[in-house]
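Chain naming follows the written order as A, B, C and D, and within any one chain the residues start at number 1.
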């Protein structure tokens, strides 16, 4: 299989613009709520990118976990900690420094990725979900188990942190 | 496609860094960090699709990344709530008891 | 695949428009049906004046709603207030995309269809929270928080329950799941899963006996207290779309979908869905409401462990039977 | 037999551990259980000691039957040196083990009554059991390393017991003094052990003695090693010049004085010399040193005892004096006579101490001048005390007579001068014990309780053995202020205290026979210590026993004349005053132990303290602290500079981190 089609590329770029726009808005807006909604839009756009990259499973998981989970969690946190809900956030602080560092880091990463020699293109398996499942429970079992352990640990940690102290 | 994916990822990453460096609110920081995570995950998915489609390693790691992002959000937001209870604010600048 | 992708997007837009229309019609029908059923159960006659036996009552209601003034509380956050109903309604409609209404009648046979069906409604939580919060009203806010907490809590046992079906079918595609049930519907093989699915689905779509979030007696009308007119209609539509989607999906997962003798698949699916819908309404007008804390305790202390046990047992039995 | 050897010291040790652990647990968890444990502690440790006693008896019979139980294991190895853990029983060790465990058993039993109601009784019995265990280990050890370990354990537990009433500064100071003074001697022993292992290449007794018996063993080592060993013995057995700690050690509870500072631990020095006798034999000059030190100590301590006003001090100096007798016998080439005297002394001296304890327990007083007329109120104590006193005075047929006679006989051949000294010491011994007996048990009862109460509680009651006694004392004082009869509340102690007195009284009467000709000298046979050519006892002049007995009778008679005869009137206390008047300042000097303590304080302690102060204020305070403080100041200053980097703001750290990441990326890309 060759490089994917041009239309797909166009769609990819279109989603990319949505994603970058959402991300930018999320970072610069002075309303925390809008920031989170923009994050949701950004994440959905990224899910679209995943779909275009033939990672259907990843796309759905992105919606499931990120949009349905993390964004909701952030909204909860926002609403439970009343600060920032009704009041605008502080203005962007030290924009010059942030921009300079962000620019150099992004440019460095981009340059590094573009100049790296990459191996030849392989074949996409017929049933990608099947292959992913086999990888998860086969060659990559270790990462699968590990993420399970990390999830358990973080669940317990979050519970311990949030629970009210007993008197 | 490679160029597009890599560019998108770098741009998103830079945006995330910018947010982390310039925002004061703890939840904003988490938002920015999630953007950075996603930039990395896009790279994983893209390289998995474009250079090693049959091995699925990239996708597996993207899943791991999403899982870690979920953990991070859970623990991070729990901390935000704890900090809010303690300091009455979610601004990270208000938490500076460790000043040297 | 090469050609299909852009086409899919185009088709998706078309399907979306069609689906919205269909869902609108469905909602009208369902509301009428619900009112009639409730009247029947409570020994009344229900709406009788508009159309024969009140058949056009809901059409009239919808026209009224669309034409009403759009009222927004003065201190409400405008963006969030507008976004809320949309984020609730759109996913409810979108989740219908993977339901196979019959061999050709599936909008898209995603190879992760089942997962998609579970994931997309999760987005509605954002809408609920936004709607509840944007209204700048304590009842709405509490209603929004309760709804989302309930949704998230019941999403977990529901997903775990659906996993048993996926395990048995060996695929995440809804079409494949249907294929696998050609001989025996899964309700026979997985009765407990079916039960869990029905109960958790009722909870997820906030219907009685799990309609705590909008308990009139304590929260006025929950997160949509401050809504009126078309936006309120969207919530209404989303609720019935969700009800319908859950029933249809249940029919697909456990009752063999469109398979059946003589009649075309669409009819069979409609019949099976209708049965499930009727059961839902029946329950609504029969059982009392749970209290908020009982509701959450039920989710985490009963349904979550039950679904886990169910999952493990199903896996063990599958392994033992050997396929 | 291995089990016998191990069990003998392990039983009290286990009791000690159990009591400590149990006490620690219960004191934290449950007060009722703690009290119950405290009440039971004495019986638990009696059980442990009884086990040891039975095992010691078994061992003794086995040795008598010709067995030689032994046990040897490698403890650890250092370099090429193998340090063994070895135990054994031969005649000497079996006798010692029996004496130690028997006296320990009686003292444990006695302590139950004496310590009744004491708040820390659990700790007391744990410490007492620890001592018993350590002492038995010391006796059972068959190599010098283990001997030294046990030696120090004994010292440590002695320290603990002397300062048992550690809330009182005197007791704490006495414990410290005992520990430090014996330490001087212990250092000698330690050097001796080092010298032995470096020269003989082994710790084992047999190997070392074989090495000492070699013809090549002579010269500096041959003299140095026994003298260093003797230094240890001098410290532990309170011989001149290291005797100063023993009188102070009377600050401990009286049963402790009986067990440790009369019958067992102080005898360890004597045992050590007897044990290492082959080393001494190789260098006759070292034996002479032992003999002279012993005889001198015997006379000096006996003379001090005459002028003491505290019951326990009299007995303490008496102990020093008697230990001098034993040392003299050892040095004169009659080791079995020395051990024989150790054997009989253990019984009657323990008896005297326990009798004194009984008096103190009943009255709460221990100054002779404020006691009197107790014979009527405490008959058992009085008569057993009399038996012990007669044994000490060397009046036949009491035990002390036979063993002292042996000692004198051993000296008679080669050391006529020392014989004279010891005869004089024997006279003084009889005199001071008679004085003590008459003053305490006869004469008028002290008239006043009220007059002395305040002072009494201040200085005498200082040594009071426990809460119950204090109550008894106060009760007596209260009664005394009401009626003239000062002793109206005083009565004989309970059976747990009387029984040991009676047993020891009988032992004081008969224990001497095991070493006499009439019974075939079974003790000496068992000990089998006599050097090859010695048969000293048989060569002694025929008149010697008569002279010795005469000296004893003269002493007792003199004591009766001075203190007993006029008991009805002035209570004999007047004689001390007359003696003081006659002797002038010399009496005070004697009473204060010939000012040895003062001498040490001037010559040793003050220079050391001055040097210590210089090292503390001058060297440590200025130089070392200055250096350390300077370092700290430098670090603080540097920290003050660096700490400005720590703004405490997360985003500053994040920015710094971003810079770091940029640097790493740049490095990875090869830009830098």
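Methods note: contacts are C-beta pairs under 8 Å (C-beta built on N, C-alpha and C of every residue); 3 or more make two chains touch, one makes a residue touch a chain.
The structure presented is a predicted model; accordingly, all values stated were derived computationally and were not measured.
Trainee: Counting C-beta pairs in contact, pick out the pair of chains that comes out on top.
Mentor: Ranked by C-beta contact count, first place goes to A-B.
Trainee: As a test of understanding: of all chains, whose mean C-alpha position lies farthest from that of chain C?
Mentor: Using the mean of the C-alpha atoms as each chain's centre, the farthest one from chain C is D.
Trainee: Please tell me the distance, in whole Å, between the geometric centres of chain A and chain C computed from their C-alpha atoms.
Mentor: Result: the chain centres lie 27 Å from each other.
Trainee: Nearest whole angstrom, what separates the Cα centre of chain B from the Cα centre of chain C?
Mentor: Those two chain centres are 32 Å apart.
Trainee: Averaging over Cα atoms per chain, report the distance between chain C and chain D in Å.
Mentor: 93
Trainee: Distance between chain A and chain D based on Cα centroids, please, to the nearest Å.
Mentor: The mean C-alpha positions of chain A and chain D differ by 81 Å.
Trainee: Could you pull out the residues of chain B that touch at least 2 other chains?
Mentor: 17, 21, 24
Trainee: Could you say which residues in chain A touch two or more other chains, in rising order?
Mentor: 8, 57, 61, 69, 76, 93, 97-98, 101-102, 105, 109, 128
Trainee: So which chains actually touch one another? I want all the pairs, not just one.
Mentor: Here the touching pairs of chains are A-B, A-C, A-D, B-D.
Trainee: Looking at the complex, which residues from chain A come into contact with chain C?
Mentor: 5, 7-8, 11, 33-34, 37, 40, 52, 56-57, 59-61, 63-64, 67-69, 71-72, 75-76, 79, 85, 127-129
Trainee: Would you mind writing out the residues of chain B in touch with chain D in their complex?
Mentor: Spelled out, the residues of chain B in touch with chain D are 17, 20-21, 24, 29, 92-93, 95-100.
Trainee: Contact residues on chain A for chain B in the complex?
Mentor: For this pair, the touching residues of chain A are 1, 3-4, 8-9, 12-13, 16, 19-20, 23-24, 26-27, 32, 35-36, 39, 42-43, 46, 49-50, 53-55, 57-58, 61-62, 65-66, 69-70, 73-74, 76-78, 80-81, 83-84, 89-90, 92-95, 97-99, 101-103, 105-107, 109-110, 113-114, 118-125, 128, 131-132, 134-136, 139-140, 143-144, 146-147, 150-151, 153-155, 157-159, 161-162.
Trainee: With touch defined as at the start, can you tell me which chain A residues reach chain D in the complex?
Mentor: Spelled out, the residues of chain A in touch with chain D are 93, 97-98, 101-102, 104-105, 108-109, 111-112, 115.
Trainee: Which residues, counting only chain D, touch chain B once they are in their complex?
Mentor: Residue positions touching the partner: 642-651, 654-655, 658.
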